[in-house]
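Below is one structure. I have some questions about it.
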């Protein structure tokens, strides 16, 4: 897989990727918030440096650029876990850099990245509180959220915000699909950084993802056929 | 020295080497590699623990800054810092009894349980709002949701046994397939994400913006 | 015509305030808790499978009792935790408590307090029969290191006393555990599965309701040997072992809560078809008339 990614990066082939409604909606959501004069809330999860959190940071970077361009206020609730303490400085750096790159460094306010405790439910208390007080135009909740995802999505719906979420656990996906306006399922969130980027190398890695999924489907069908014929070769090949 | 440590290429090289140290022992049984891998993993745990302590210090400094400036909500910061110091003191006085246990049972447990319990109400209101038979797919979702909810209620099985086989069938086929599909797609996404990180194509890892890259 | 005349009630059914859901749900769940009714329950096949695994535990088996839950999750799965511990004590297994969350460090004390009578009856002694290690699984690195070289990672219990001289002297790596009983809200379970269960260590899980869909694939593929599902599974286990507890107490409210939710969903659908859909069709008709 690494070799395939490297091949695509080197050949710089232009890769077509289907539209992901959830990611396209981010721009619409921020724009709507700007029109209504309401802030945008964007969170990147409560985990440490897992790949869900990194995906959330990639989306945070994109949202920060958009809010800097549109002049909307961006609030980034941080905390929720012990590991979140480590990620927070990176998030601050990302938001500050985005505002600096857009030439509006004076609009960056460190107080808009409040730390709401390293305890999950204390964090959600603060998060829900800020949503109830500021009444955001949109809530973009990506990254590694556990059970508090439901709290956030439902409260966001209550205050009338556009809700864009990503389900990092299968159990979250089901609940968030009901509660959110847009949802990023499975690898759509980790692919966000590549999807939103103009870098052909990054977009090529999404193509490799799809190729590998086709391979997985082929192996599944082969395994199913082999097992039906009484042969467990595929099972033994894939067993750990 | 600081400039060398800030170098992005160096950070990517360290990440790639760390990946190899942890990844290769799964496939190659080299005792020295296994030892190095275990040591590296242990070092990571210790570094993480120290990073948490560092973050607490950073929060303390930031909190004192906010209190000194009397910014909006400074009293909440003061409350946070006081409780932080108190809990530290309580834990040093003993964790199996005394004020530490009292705070855990009388404050932390009820507060986190309440927030967790609220989930049930949010789930209920979401389900009541979302399960509308707007089209055929939504109708199928509604019917299957009805069957699963009836089965999940323990009382149902005592009087209506018909829900169990259908619910178990739905759970072990469609739900199982969706769960495994999700696991496969997430795993594939994670692997490719990791490859992008190691090749230096994922700027969010290093805390830089795409333009800065 | 009917929709117009009954626009009031149908409109309410389509657009009722969610606070009515909260209030009714609260009443139907708290009522049976305050005044239990004692309604019958059935036992699911998964709980029977979990119970059978526990019945195969032999005296002296080394059990890694992992608590991957915060306090809030403990309130949901405490029935399964206490019932499982009760069975293990009655089997005279040797139990090592490890937790994966800072809040869970005092949960072993709660569990031991709940089964104190059984432990006293079976002459359980700290060090020989059970050890509490505390917060030893903060992340995957710690779980992985513990699976490879247990004594390289853990040298003392959660009160700082050395574990040398306890039954943990017999543990070197993942192979030495006879069973892992994991009680989880999803914190470290994946790591334990990766570094223990996939290497062949028998493992059973008691998870919260929202994690069932995540853990079920592992059960069906044989990676784990048993799955106790949330508070209901704990109640069923209490029923199977003949020791009623907090799980069985909550089942009346559990059932009524589900039924109330179904009723609200049906009300919403009646309102949708009786009011919302009519309004949408009316708006579409007027829109096409106006061009």
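Observations, loosely collected:
Letters A, B and C mark the chains as written, and numbering starts fresh at 1 in each.
Please note the rule applied: contacts are C-beta pairs under 8 Å (C-beta built on N, C-alpha and C of every residue); 3 or more make two chains touch, one makes a residue touch a chain.
What you are looking at is a predicted structure, and each value in this text was computed from that prediction instead of being measured.
Under the contact definition stated at the top, the chains bordering both subunit A and subunit C are B.
Averaging C-alpha coordinates per chain and comparing to subunit B, the farthest chain turns out to be C.
Taking each chain's centre as the mean of its C-alpha atoms, subunit A lies 28 Å from subunit C. Distance from the subunit A centre to the subunit B centre is 13 Å, each centre being the mean of its Cα atoms. Look at where the CA atoms of subunit B average out and do the same for subunit C: the two points lie 17 Å apart.
Shared interface positions of subunit A, i.e. residues touching 2 or more other chains, are given as 48, 82-83, 119-121, 147, 170, 175.
Each of residues 48, 108, 112, 115-116, 125, 127, 129, 131, 179, 183 in subunit B touches at least two other chains. For subunit C, residues touching at least two other chains, in rising order: 18, 70, 72, 103, 138-139, 213-214.
Only residues 34, 38, 41-42, 44-45, 48-49, 95-96, 101, 104-105, 108-109, 112-113, 115-117, 120-121, 124-125, 127-129, 131-134, 142, 145-146, 149-150, 152-158, 164, 168, 171-172, 175-176, 179-180, 183 of subunit B touch subunit C when the two sit together in their complex.
Only residues 18, 21-22, 25-26, 29, 39-42, 44-45, 70-73, 75-76, 103, 105-106, 109, 138-139, 141-142, 144-145, 148-149, 152-153, 158-159, 213-214, 216-217, 220, 232, 235-236, 251-252, 254-255, 257-262, 264-265, 267-269, 272-273 of subunit C touch subunit B when the two sit together in their complex. Partner subunit A is touched in their complex by these residues of subunit C: 18, 70, 72, 102-103, 138-139, 185-186, 198, 210-214.
Across the interface of their complex, subunit B is touched by residues 1-2, 5-6, 9, 48-49, 51, 54-55, 57-58, 60-61, 65, 82-83, 85-86, 88-90, 93-94, 97-98, 101, 111, 115, 117, 119-122, 124-125, 147-148, 150-151, 153-155, 157, 170, 173, 175, 178-179, 185-187, 190-191, 193-194, 197, 199, 201-202, 205-206, 208-209, 212-213, 216 of subunit A.
Of all the residues in subunit A, the ones that touch subunit C in their complex are 48, 82-83, 119-121, 146-147, 158, 169-172, 174-175, 240.
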